[in-house]
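We just call them A, B, C and D in the order they show up, numbering each chain from 1.
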Amino acid sequence: MIVVVKKGYKKENIQTLLKKIEELGGHPHVVEGKEQLTVSVLGKTEKISLKYFEVFPEIENVMRISKPFKLASKDVIPEGTVIDVKGVHIGQNNFCVMAGPCSVESEDQTLRIARAVKKMGATVIRGGAFKPRSSPYSFQGLGKKGLEILQMASRETGLPIVSEAMDLDGVEMMMDYVDIIQIGARNMQNFALLKELGKIDKPILLKRGMSATVEEWLMSAEYILAGGNHKVILCERGIRTFDTQYSRNTLDLNIVPILKSLTHLPVVVDPSHGTGFRHLVSPMAIAGMAAGADALIIEVHDKPAEALSDGPQALLPSDFEVLMSKLEKVGEAIGKTFQTEISKKGIAS
Amino acid sequence: MIVVVKKGYKKENIQTLLKKIEELGGHPHVVEGKEQLTVSVLGKTEKISLKYFEVFPEIENVMRISKPFKLASKDVIPEGTVIDVKGVHIGQNNFCVMAGPCSVESEDQTLRIARAVKKMGATVIRGGAFKPRSSPYSFQGLGKKGLEILQMASRETGLPIVSEAMDLDGVEMMMDYVDIIQIGARNMQNFALLKELGKIDKPILLKRGMSATVEEWLMSAEYILAGGNHKVILCERGIRTFDTQYSRNTLDLNIVPILKSLTHLPVVVDPSHGTGFRHLVSPMAIAGMAAGADALIIEVHDKPAEALSDGPQALLPSDFEVLMSKLEKVGEAIGKTFQTEISKKGIAS
Amino acid sequence: MIVVVKKGYKKENIQTLLKKIEELGGHPHVVEGKEQLTVSVLGKTEKISLKYFEVFPEIENVMRISKPFKLASKDVIPEGTVIDVKGVHIGQNNFCVMAGPCSVESEDQTLRIARAVKKMGATVIRGGAFKPRSSPYSFQGLGKKGLEILQMASRETGLPIVSEAMDLDGVEMMMDYVDIIQIGARNMQNFALLKELGKIDKPILLKRGMSATVEEWLMSAEYILAGGNHKVILCERGIRTFDTQYSRNTLDLNIVPILKSLTHLPVVVDPSHGTGFRHLVSPMAIAGMAAGADALIIEVHDKPAEALSDGPQALLPSDFEVLMSKLEKVGEAIGKTFQTEISKKGIAS
Amino acid sequence: MIVVVKKGYKKENIQTLLKKIEELGGHPHVVEGKEQLTVSVLGKTEKISLKYFEVFPEIENVMRISKPFKLASKDVIPEGTVIDVKGVHIGQNNFCVMAGPCSVESEDQTLRIARAVKKMGATVIRGGAFKPRSSPYSFQGLGKKGLEILQMASRETGLPIVSEAMDLDGVEMMMDYVDIIQIGARNMQNFALLKELGKIDKPILLKRGMSATVEEWLMSAEYILAGGNHKVILCERGIRTFDTQYSRNTLDLNIVPILKSLTHLPVVVDPSHGTGFRHLVSPMAIAGMAAGADALIIEVHDKPAEALSDGPQALLPSDFEVLMSKLEKVGEAIGKTFQTEISKKGIAS
């Protein structure tokens, strides 16, 4: 941590500052330039808030030189974490595709689509039972009935399930039904919920907030890790920028290699929400793989015109099939182990 | 609602589209141009999702011409809502200032600051008992103990209290202690929580999400209003933009006259979080009043160097006093009824 | 300048780094912590690019602790610059309003509006002869004919003129016609043009780029100052953010007190372009004054429905009159010297 | 074009509106709903500014349903434009890589790097002779001397040259030296310059402005096309967002498939400026190809620690070699014709 002192500071105030630093557990080291005095703070500084310093009127700036996240840091597991979800490996050199409808609408619709995406190589089924909707007047999901349908789809196909929880009640309900609990972008900084997620034993797919910085996102993961749940998967789903005329969000693929350099946690890319329009999904899915993602999560619907939510961004099964074959070739070209078949051991039990 | 059809559309598909519109409760009206065909949809269209249309391959664009929010709309109460909080009026031509420390740190600190801001004309006390912190390692607030301290401050000064709840447990705990429940920026789209807030009888100060559009914000208010709680106060607290070097957020004052033209709900401006630095707070507080806000919410701390959170943005009581006197003069200049004294009736009871 | 070295660095590489720093004219000072080594660089570091350091593989981060702008810095003229434009003072405690049509459309239109705004207290006439238009098919301005009309307006009213130049030819043409040359947001980083502006003797109103940071803006001012032209006026005109549904831009008033703390250059606020809609202009004009601006620049048109550009954001003369009277009262409340009358000496000559 | 009229409008004002529309060349068609009246405007509406309508007090909203760009539209050349630069084909199914140093620093440096990148399969040499720098105190490029060095590099390698011009003087100077003139992000809306570029016969690589929308970018291309120069290449180089801690810009790859659906112009991706850090360049280069780009432009430097500009984002030749081999494999996987050898006919002459 570096504290930059203003020109024309008073000597006695600097003494107070140095004492404060020692109280907080830091070791101050003064460097006196001709124009500027700086204090390098050594020791365990990650628990010292930058703000303690900023209130001194003599201080111009305080900068942290070590990262605020600890358990999420790549230093902890340099080779990268692998999360095993009923035999599907997420992380390191493995690659897989999670696919399914945006919302669970009916047993028939969900099973139909689940069978189709499995046949084409998806190894995790996605589907929403609780839908975060910006309007109170929109379809809010089938709730528990939806979870039961997802479970049927899992039983039939042998594939694990990822589905979104919106609050603690939802998390509890899901414990018996789903294999990965998704936390949506709007809840990325719902700290009360994050704390509870730290206490459970179930992988969490943590979506990035619409305007979350890398550090904020990793600090939200840190909440879950610090609580004791080490199975966190990060999911980029598009950020909010100044232009939304031709895509709903801006899929930020820069974040993929950035995360790979900062954290050991697996990274998933969601090109469906990240673009919002079907004709953009396939190119951005391939680009996401090429950027280094460990998995993709993609919406597929066989009758998008009847979908109760997000129809325009869902791929048709036929498009999905073409995409999967391209992903397979590109995966080979860049050396990814593409899982399109999984062991079904342990599911029927 | 206007549906724009692509050039070269197929006649039979348009028939399917028109049927779909009628099924959804709309009345389609075709306008056939030389180059472009458009369908104006009349009737109750607010419950029709734009997405139903976008899935038709023949459709180029769908635009809503009426607003998605209904109960929050200015049309409902053109003269504007006034919310009465123990005699403090928020809305219409009234103006008031809410002030206090960022966090409740101790009984002594809170009472000392509460007395000071009351003396200078504040009519609502603010103070956090539950603190949303981006790091799990930071001070998280005193919790229930903090609420008890706030209640003491309210009893002594006779001023109502505003404090933030982070989840449903917090809301329930607060019912007996605080007069306005604040929902923070990070929870603006916590729809599960919003639904519960619609069921209680207590004013809600709903902060704008860091990158929430006007419509998203008003739709979150709509969740609360639709649940039956009509006491919603909107609070602008700074948005996230590309430049954060010299201010933590960008206080968006444009939103104040925009909200005034769209909704009847009162609007509060928070120049403390909206800037993040003490030397910016007073100019932006006055600017917020000038832009048309109904109230300000300001952090004041008499020992900012010891504050456990957000010290650098807290005004000293002496700065706050100067600010209040300027606000009084500017309020007079623009015709606001500035409440610096309130009736204490009903509080002692 | 602080250089943070990565954990596990090689001693010999650090020697190379220290030598490089000395070559560049800096004095390195090593601080060795248990976990992290940092190098404080003293001496004249403003001409050392951060990038020189970033290429060393051992380096984690480089931070500048002094500002990159020098001539624009508040340190140079702590009391603030005043620019005298034919008797109108811009800067320090003075306040004035620049007003007129967006575009010069005809002699009659311009003179009519110029007379009206003068009568109501404006002390500088604005009007565009060269219009930057995003479409090549839109009205591009009257060019030289427009400048002649502006000169007539100036002669008749005795008020100085501000008008936009889009390239060097325009600047040269304007030298005989206008009193302040405006450089638009889209040219803020047209460095070739900025260099030429440094060589002329005419005040420059430098608008902020749509997504320019404070430092980038001040560095663009630095280009002009470094060339020898010290008459630079900064103009905030709204930035680009994620929400453009109800205002064209987001007027960033935080920037006003930020600039006041960083630079001695006068600051003007443009609530017309900063909002884009007439009903938002007056509240944001008053807010701009309240935030500490030295002047406002406002579009006024008496027949907005016939305006060839930007009609919807132009105030009617009657609205402008009401606004001017409010500004006068607020100016008094916050202690600004509001110039609504100016000396006409030297104009008739 | 759709004009939405406010509730409670006056009949006589609507008559004035309809007359105005006809004057402007549009054919109004009124649709009267129970709550809302809308006017569909048919005819040649692209030259009618939206603003004409917004000034009517009765009007709530005006929406354009056809695109403002015409010559840049995909409708004009549905199969896509191919630009032939001395035998290098840019567009349609072709793929090529432009590479070289950020700045031309010396004859030795430029020739050395040019030879290296040619050997590895680049087919266009990049290098800056005029550098847009945000600080007037930074290295500004070698100017004409730099162009001469580039010409030498082109003669020796037989590869065409792309280099940036910052103003009209630069463009004129470049006509004899370079094969593609690059216009930087900061000049994307320098309309005076764009008009001149329309008059020359030389391909233009038009970089996207830091916060330019798709339509603004295409309208800037339209300026050049409308002037008569049909050789426009678009280049995505990263946009400005809220997070710049770990990458300088956010490379917006969504724009690639968006552009492919809107325009016939070729699209180039610049992962060097789009990320700003060497370790992000290769993954994002491959992702750019995967998203559908027609070419990449990449900075390569063999001694980045000595580079006079942008050293930290330059790839080492050894990294570039690895990247090129991956690109070749991915290109095959997605069916691109990767040009790594070019015809040298016509260069020696």
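In this section, a contact is a pair of C-beta atoms (placed from the backbone, for glycine too) under 8 Å apart; a residue touches a chain by one contact, two chains touch by 3 or more.
None of the values given here were measured: they were computed from a predicted structure.
A.B. asks: Which chain's centre, taken as the mean of its Cα atoms, is farthest from the centre of subunit A?
C.D. replies: C
A.B. asks: How far is the middle of subunit A from the middle of subunit C, if each middle is the mean of its Cα atoms, in Å?
C.D. replies: 40
A.B. asks: Mind checking the centre-to-centre distance between subunit A and subunit D? Centres are C-alpha means, answer in whole Å.
C.D. replies: A distance of 31 Å separates the two centres.
A.B. asks: How many angstrom lie between the CA centroids of subunit C and subunit D, rounded to a whole number?
C.D. replies: Chain centres of subunit C and subunit D, defined by C-alpha means, are spaced 27 Å apart.
A.B. asks: Please set out, as single numbers or ranges, the residues of subunit B touching at least two other chains.
C.D. replies: 211, 240-242
A.B. asks: Report the topology of the inter-chain touch graph, choosing from line, ring, star, complete and other.
C.D. replies: Here the contact pattern is complete, since every chain touches every other one.
A.B. asks: Considering only the defined contacts, which subunit B positions touch subunit D in the complex?
C.D. replies: Counting only subunit B, the residues touching subunit D are 2, 4, 29, 31, 33-36, 38, 40, 42-43, 60-61, 63, 65-66, 211, 240-242, 244.
A.B. asks: Considering the complex alone, what residue numbers of subunit A touch subunit D?
C.D. replies: Touching subunit D from subunit A are residues 211, 213-215, 238-239, 241-243, 245-247, 250-254, 256-258, 260-262, 274-275, 279-280, 283-284, 286-292, 326, 329-330, 332-334.
A.B. asks: Hey, which residues of subunit A end up touching subunit B in the complex?
C.D. replies: 20, 46-47, 49, 51-52, 54-56, 68, 132-138, 166-170, 186-187, 189-195, 210-211, 216, 219-220, 222-223, 226-227, 240, 304-305, 307, 309-312
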